[in-house]
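Okay, so subunit A shows up in both of these, paired with subunit B first and subunit C after.
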Partner chain A sequence: MALLAQYVIGGLAAGGLYALVALGIVLLYRTSRILNFAHGDLATFGTFIAFSLLVTYHSPFAIASAGALLITGVIGAAFYFLILRPARDASLLGKIVITLGFALLLQGTSTLLWGTDTKVLPFPLSDVRVYRLGGLVVSQISIGSFLIGLVLMGLVYVLVQRTKVGLAMRAVSQNLVAAQALGIPAKSIFALTWGLASALGATAGILLAPVALLDPSMMLDPFLKGFSAAVLGGIDSPPGAVAGGLLLGVIEAVFAGYVSVRFKTTLAFLIIIAVLIVRPEGMLGREYKRRV
Partner chain B sequence: MKTVMRIVLAVALVTALAAATMAQAQERGVSATEVIIGTSQPLSGGAAFWGVPVTGGMEAWIRLINEQGGIHGRRLRLVALDDSYLPPRAVVNVRELVDRVGIFALVGLLGSANAFAVRDFVVENQVLWINPLADANMWAGFRGKRSLFVSYVSYVDEGRILTEYAAKNMGVKTVAVFYQNDLFGQKGLLGVKRGAAAAKIKVVAAVPYELTDREFSAQAVKLRESGADAVVLYANPTAGALVVRGMRQIGYAPKLISTSALADPAMFALAGDAWNGVTLAAYFPLPGTDARVDETLATIVRINPALARQPFNAVGGIAFLEPFLEGLRRAGPNLTRASFITAMETLRNWDGNVARGITFGPDRRQGINKLYLVRSENGRYVRLTPDITYPVAF
Partner chain C sequence: MAGNAAAWAGGGDPAEKLRRVELRERYEDDLFLVRGPAGWVAAAVLAGGLAALPLVAPKYLIYIASLVAVNAVIAVGLNVLVGYTGQISLGHAGFVAIGAYAFGIVAARIPWTPAAGAWGVPWIAGLIAAGAVSAVFGLLVGLPALRLTGPYLTIATLGFGIAVHQVLINWEWLSGGRAGLFVPKLTFAGRPLGDAEIYWIALIVSAALTVLAFHIVRSYVGRAFVAIRDSDIAAEVMGVSLTTYKTTAFAVSAAYAGLGGGLYAIVLHYLEPNQFTLLESITYFSMIVVGGLGTIPGSVLGAALLTILPLEFSGFRQWQPVVYGLAIIVVMALEPRGVYGRWLKIKRWFKTWPF
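Let's look at the complex of A and B:
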């Protein structure tokens, strides 16, 4: 039983980060109906900015993180306005290809600016300091990252579900013309959504880097897992993204522990296939219907 | 009569010169002023940690040689293509280098699976291939190796020697293996199994990971549950560092043993204190342990300061290139495939700036058959053993 609990703890720590990534993907999809395949690379880029602020400019962690989130948010919003919006008449597939191109651009820029060697991001919490509960071990950084993630997820939930801004996001997503006719500043809402989602991705990157080490391909696997989590939970449901992320992390860890560690990575993709067959809208998602 | 003789001599001379020029012109990748060589490396993706500094080391060393006038008046041009550590891309790259760029020789090419994927094409096209950075054991029994020269380590022999050493000198009775789930890791695992069988100890767990994985808590728990006295690492630096830290987090502190691929001093920063006391294999002098290697490193760092961050892999790039350069020198000004092969076959226990003890011959294409062991202590590697030899396999 202690062994199972240890796998679950490891899975929750990873799942919390998957959830943050998934939340960014879902936020964008809800508002602009675009699957942003540059989300992971933008998160990595933001983490590198934090790294530079911390190591090169010796900024305090809070300032470095805030600066990195702000810059990443601006880059995300700029990408939407300068590249995606002018191509708004492109097909869905075309838009996905644009995001893939942006991902490659970010990856190349990261490599050029920071190199390919793996880096250690200084972090105020320790991965060596651990707490023991019976036979269970959990590190300070895992607890801290998980709690920070939960707080952020809660704040996003409140923003989306309980504020006028969130209502405007939903309105823009459902009927852009009607929303604009009602006086909702659609451009500002899009800017906010892209900025917020990008900053969420960078948050996941900053929380992940101390435990996964930082290099230009750091977010490749977490992005794919976050994407799987979003599909599992419901691609248009923020609570679904959180539930999907946590569940995927736990399922993956338990599967690796008791079934096969070799197929741990494949599991996420099997889950996507299974969900798309059985319940395409995901666990907490709603079937998408457009009124005509 | 004299006039006729003069005409005949002049015609013979012109014909001979023309023939020589044509022979020279027909040699792929060689001109009077240049030799073109190619390589395919992971310059992006999960294995870029290895590929970028290895290529950077090669490029810096070539730049230095060119600044000194090249070899026999020919400058070297290295065409390095990115394969992201993906075998299909390595195949495309090598075809590009051979068919379109027209290289004289392929130098390096990192990754056992990548080398395995391209080897039939390279051999069929009789491309000179110096130092595939892949498990040397894969060439044992492989036919058509006339154009191949390997001075890279055999992971099978390395794994076997590490395991036998652990059993005899470290009191290890059980081992677990953390390995990359590709040809690199699988060959290491095979070596560990052979070593365990020879030393009559048990392999109690073999725990794989994929190159793209970033989360190793489940693997760390599985290794802990195996209860092994020692864990052998056949991993890339990121995975190796993370699993070592993960094991320490959950209170598991086995003896650590590692492939030479993790001998970069950068591991001390990535794994922290957990990298103390690790027993590793090495097959050329590591930076910080040899004056000539340190001097070489300082030289290339002056050319490319970024190489200072990964000194082991940077000087590794030179070690992999040096036998080729020596072959060029020995082949003389009339460079052809045949003259190069003949020249390479004369290397006997040859030392370069970084590469050491390279031997080839008409029936020998495995340039090194020895390694030694080091132990990591407080940010540096300390030599544990003299050279340990293993049988020449090809």
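Let's look at the complex of A and C:
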């Protein structure tokens, strides 16, 4: 039983990161109906920026991470303004392919600038220092990143549900033409969403870097898991993204602990496919209705 | 527009003018792959040029051309699914892997008699197995796809591709694990085939499958696919069985991917699980979107473009993803309907000039 609890704790720590990644994907999908395949690579890019600010320019951690989040957000918004918006004649599939191209571009740029060798991101919380909570062992960094993740999710919730900007985001996602007719600056809202989602991804990257090793393909697996978590929870539902991420993390950790580490990713996808067969709109997604 | 053209031209033989702008009177006219004497001449020149390529080209170029032929098969199949039926697949590398390993196992592990080898049986049997096994998996993936659309289908197919990759890496008996699986060189009448002959095999199979795909999409099956893509509800109301045709589309597309995988094994002689990652699925997907969704020639063009481009830049390996990504972005930003869509626009402009 203690072992199971230990696996669950480990799974929640990983799942918190999946949830952060998923949240960024869901925010973008809700407003623009675009699956952003560059999300993971943009997050890696942001983590590398934090690494450079920390190691090359010796800035304090808070400034470095804030700077990295800001720069990543600006890159995300710039991608929307400079590439996606001029190509608005493209079909939805075409736009998805553009984000795939952007992902390759970012990955290549990270490799050119920082090389393929793995790096260690200095992080104020320790991976080695652990706390014992009634027989369970928890590392300082998992507690820290889980709490940071929870705070960020709360902030996103407040932003989307309780502020005027969030109201505008929801309006744009529900009916773009009507929102524009009512005077909502849709362009700025889209750009803001891109920036926000990118910064969320970069946060996940910075939190992950001390546990995984920082290299240009660091975010590939977390991105796929986050994407799956978003779909599992329902791709237009932020609470679904969080629930999906945590659930996926726990299932993976328990399966890896008891059965097989090697097939844990395979299992994760099989479960998602099974859930989707029963509920094609994900766990918390809106019921799939269409006007004929 | 045709009538206008004749009226504008004034005198002369109106029928002649009409023929110049190609008045199409029947629906079937719209569906020919090769049109008119000029089209047949162009097709013959293209076929002759491709067939004669090994006589003039250096060895590495023959290899690249063989890869283009292989990828064209996969891209054409994927376009039948994505471009014509409107179902997304980001797991096509999984079908390609299944086909490649089916071929490898039939050709390398089954003890064929030399006589069978002399008739080329192992590779023909291998190709058939590659297509058939892959088609069965296509049916299996097509079943959950009946209920899923958009991002949900994307994740389901993507998960399938990753699952195949993981199984191949971890099931060493099947795949030879990280050491890989060596596929023996093809022999005919006891003599191993050279690069040029392998290129011809790839070219002939690829050309035959491309023409077959063209005939599939212009048949009633293809019209059912297009109806499902444009509106599945309307298609169902008109009597198109979604179950039958969606799973058929998946099976056809997977069979093409499997045959492409078999050809890939023939061309490369060596299979390894990491040749079939998510990146490959993304590359196949990019091929058809860059080439032109819902067009057979576009699939071939896209396959050629995205196969040659990264190989040409292999000298600057670290620049390859940057160039590749930029190329995709630029093509999509300039011409949303793909390279073939742009080609059609240019052709129309010249045909209707000066209008």
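Methods note: the second predicted complex is superposed on the first by the 286 of 292 C-alpha atoms of A that agree within 3 Å, B and C clash if a C-alpha of one lies under 4 Å from a C-alpha of the other, contacts with A are read in each partner's own complex, and residues count from 1 in each chain.
By our rule, contacts are C-beta pairs under 8 Å (C-beta built on N, C-alpha and C of every residue); 3 or more make two chains touch, one makes a residue touch a chain.
Note that the structure is a prediction, hence the values are computed from the model and not measured.
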Which superposed partner A:14 touches (first subunit B, second subunit C, both, neither): first
Partner chain in contact with A:265 - subunit B first, subunit C second, else both or neither: both
Partner chain in contact with A:127 - subunit B first, subunit C second, else both or neither: first
Contacts of A:151 with subunit B and subunit C, given as first, second, both or neither: neither
Touched partner set for A:101, first subunit B, second subunit C, both or neither: second
Contacts of A:118 with subunit B and subunit C, given as first, second, both or neither: first
Contacts of A:235 with subunit B and subunit C, given as first, second, both or neither: second
First, second, both or neither for A:6, with subunit B first and subunit C second: first
Subunit B or subunit C, by number of subunit A residues touched: C
First (subunit B), second (subunit C), both or neither touched by A:222: first
Common ground on subunit A, meaning residues reached by subunit C in one complex and by subunit B in the other: 107, 111, 220, 224, 262, 265
Complex contact set, residues of subunit B against subunit A: 43-46, 48-49, 51-53, 181, 207-210, 212-215, 217-222, 225, 237-238, 241-242, 245, 248-251, 266, 269-270, 272-273, 306, 309-310
Touching residues on subunit A, where the partner in the complex is subunit C: 29, 35, 37, 83, 86-87, 89-91, 93-95, 97-98, 100-109, 111-112, 220, 224, 227-228, 230-231, 235, 262-263, 265-266, 268-270, 272-273, 276-277, 280-282, 288, 290, 292
Subunit B partner contacts - residues on subunit A that touch it in the complex: 3, 6-7, 10-11, 13-14, 107, 111, 115-118, 120, 127-128, 130, 132, 137, 139, 208, 211-213, 215-218, 220-222, 224, 252-253, 256-257, 261-262, 264-265
Parts of subunit C lying in touch with subunit A, wherever the complex brings them together: 82, 88, 144, 147-149, 151-152, 154-156, 158-160, 162-163, 166-167, 170, 233-234, 278, 282, 285-286, 289-290, 293, 318-329, 332-333, 336
